[in-house]
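One chain, chain A, appears in both complexes that follow, with chain B as partner in the first and chain C in the second.
Take a look at the complex of A and B:
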């Protein structure tokens, strides 16, 4: 692809207790492209995604083998500060999870934690990222009302703004449109396309058409194994593995 | 009527009956103390301390016990909160869900919560003797705090367990650490539940007689020192009901009415406050 690698996964295996969720995965996620992780339910898509910002650490009985390099740095090395790693990644969930505070404070939460106290600066950040997630015009008159009062589509765009406000290098999306109505989903997709030359985007999706619309690069997982990966047009037009062919042609989902 | 419908109706009737027992007994208790105590209730009871011969039917009031109970209850609740809050956040944010230590800790708390309050009283007494304390407000506060810590911790624990895991993940994903997540997100979201837990514990502490019997003692004077005995409402009720004089007994019911009213008032206030605090709750 000629693009440089941002996140490099090397022989990654992840277990939850005795259950092995990922088996010896090695892939390079290209910088400033959209990579879609596809595959049937329970294949380890979310586990792989959450291994990039070490959110899997929170799970019970998780153990990790192999390495994940972000900017060439092994993020599972003991000297890594996990809060600094997570600041590099904005995360969008399946269901938008707004924080129990105002719209303004939701966006300002990350920057405040990372040391920005100046009111003017925060105002600027909030405005900029609400604009970048195309929510600004809808909420500018009620920035201090509760974020939970927004519609679910607006909440997801707020989560995008909140993720962008920590000025990450990468955006991770865990089926970020699956709980949204079609119009809201399309707006999120559009935003992701608009910002993809600034951020590395990794999307978990079970919607093949979404992967087709957005992704430059595809990773196909099946039962914890990496089956095939490569540029989107190649995977969609000329899949090598029979399981990839079957999945892409909709023989299972 | 067919069989299934009859079954349905029988069980519905049984459920209604049980519901009635619950609601009815509350109403019955309130009506009893109200009817028996109402006539003895007067302003003097609220603003005066017992004069000589009060327990024989002479004049005076139970301000000593009202103030004593409130101060002891607030002190014990505060002390318990200082222990419970860290435990509950440690349990829920620092330990993993099924960690052996967390399970053991919850089991210990449940056992502690099941110990009768007289045992706490006896323990508090031993503890006092060991430190050379006399029956005093301080000893009462410590004993009641020990009594309510398990209740407070476990009810807060249930509240924190209900908070969606994704909310925590969302905060961590933004680079927040556990402390920031605890204070800025989880505490805020759990506040109404925490307030309720604190009040349940406060009510429990306020109403318990056995734990203060040896530890706080009793006095006709208003509380004025941490190291002197203090009167409490449950014991005031106990002593008044224990006299052979009907007049004093109905003062006992009036005291019960006052205790119940205080607890009721605090619950209502708490509901109101917690609703105001959580205008941004999700």
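Take a look at the complex of A and C:
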């Protein structure tokens, strides 16, 4: 595709206890593009996504085989500082998970964790990223009220702002629009398109139309195996594997 | 929609009856509390009529035969032991709970939990004996010893409630915090504890009321000698509950004695209610702020 690789997955296998969720996956995620991970429920999409920032480590009894390179660095190597790795990636969950604090503090959380104390600077960061996730005008008069009061759609945009505020290189989204109403979903999609020149975006999605609208690059997983991957037009117009064909024609989900 | 409309007549009557009975019971329990306050006040009234309240609460002179009933040394004793107990039990209890629920291995946790529950169920007399044997040789019969023993008694309550509350904080919120690059401790400090805060306060209040009202163990280790004003934590202390337990029913021939002891009980009850109200109002405020109001 002529684009440089940002995240490189090499022979990755992941087990939950004795259950193997991913089997020998190798892919390159291109830099500053939108990559969509698609596949039926339970095929390992979330697992793959969470292996990129080692959030998978938080699960009990996980074991990881193979390697994931971010900017050429093996992130499972013992000398890697996990917090620094995670700072490189903003993560959006299926359901927005706002932190139990004010709107302002949610966005300022990451920067504060990473050592920014200056009030003016934090104010600037909060405003900038709330604007960038198109939430600013709706919340600027109540920045210090609780974030849990926002609508679900607003909460997800807040989570986007929060993720952007750590100044990541990549945005990982695990079905970030699936809990949202169509209008909110559309706004999130629009934001992702607007910022895709600045970030590598990896999106897990169940919605094929969404993958078509957004993705440059498609990864199709099935039962923990990587079946097919490639540029979006190619996968959608000329899938090679029969399972890919079946999936994108909606014959199973 | 009222589903009772759809119930057959017989069941509706039973439903109504059950509701009435439960309402009655609820009223009964609430009125008990009221009658306790009121009853104690009635019985303490004679002394309140004879002596100014200020003297009763702030004078340390307790000479019943001479008609002097200053409760200050007992109140101070109570404050000492409770403060010491909480000063020890709250931070240690919270940290232990955090360790058990966040850091400890599952097996450690499974081993520790029944042990802690067991501690909560041990009779105060046993704690008293333990205090006499193990703590008194170090710190004497003193407020400090009383506080230490009470702290150990309040420990299991605080640990198990706090651990329980921490466990209810959803995994996804921890995940969200970790995903932003927070360390485990940062996540606990800024997110988990924040979310668990109301429950922690409830745990502290419950621990506090146990320490505050505890009689037997304190009676055995705190010294409880009359005529000593506890100026420091190393002095013997004679907390209110111990005074009441030790003297009520004796020497009732001394005028006003009975009323003075019941005044002590009244004060104890009021302070307990006050503590609980402060605790719950903090809880409510947090809840309201949480809700963004």
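Note that in this section the second predicted complex is superposed on the first by the 253 of 253 C-alpha atoms of A that agree within 3 Å, B and C clash if a C-alpha of one lies under 4 Å from a C-alpha of the other, contacts with A are read in each partner's own complex, and residues count from 1 in each chain.
Keep in mind that, in the parts below, contacts are C-beta pairs under 8 Å (C-beta built on N, C-alpha and C of every residue); 3 or more make two chains touch, one makes a residue touch a chain.
The shown structure was predicted, so the numbers you read here are calculated from the model rather than taken from an experiment.
Colleague: Please tell me, clash or fit, for chain B and chain C sharing chain A in the overlay.
Modeller: In the arrangement built by aligning on chain A, the partners chain C and chain B clash.
Colleague: Output check: A:148 vs chain B and chain C. Expected answer is one of first, second, both, neither. What do you get?
Modeller: Both partners, chain B and chain C.
Colleague: Check whether A:63 is in contact with chain B, with chain C, with both or with neither, and answer first, second, both or neither.
Modeller: Neither partner.
Colleague: Give one of first, second, both or neither to describe whether A:11 is in contact with chain B, with chain C, with both, or with none.
Modeller: neither
Colleague: Mind sorting out which residues of chain A both chain B and chain C touch, each in its own complex?
Modeller: 53, 55, 58, 83-84, 86-87, 89-91, 93, 95, 97-101, 109-110, 113-114, 146, 148, 159, 162-163, 166
Colleague: Under the stated contact criterion, what part of chain A meets chain C in this complex?
Modeller: Touch list, chain A to chain C: 53, 55, 58, 83-84, 86-87, 89-91, 93, 95, 97-101, 109-110, 113-114, 145-146, 148-149, 159, 162-163, 166.
Colleague: Which part of chain A faces chain B closely enough to touch in the complex?
Modeller: That would be residues 53, 55, 58-61, 83-84, 86-87, 89-91, 93, 95, 97-102, 105, 109-110, 113-114, 146-148, 159, 162-163, 166 of chain A.
Colleague: Could you pull out which chain B residues touch chain A in their complex?
Modeller: 96-99, 164-177, 180, 184-185, 188-189, 278-282
Colleague: Touching chain A in the complex: which residues of chain C?
Modeller: Residue list for chain C touching chain A: 170-183, 186, 190-191, 194-195, 289-292.
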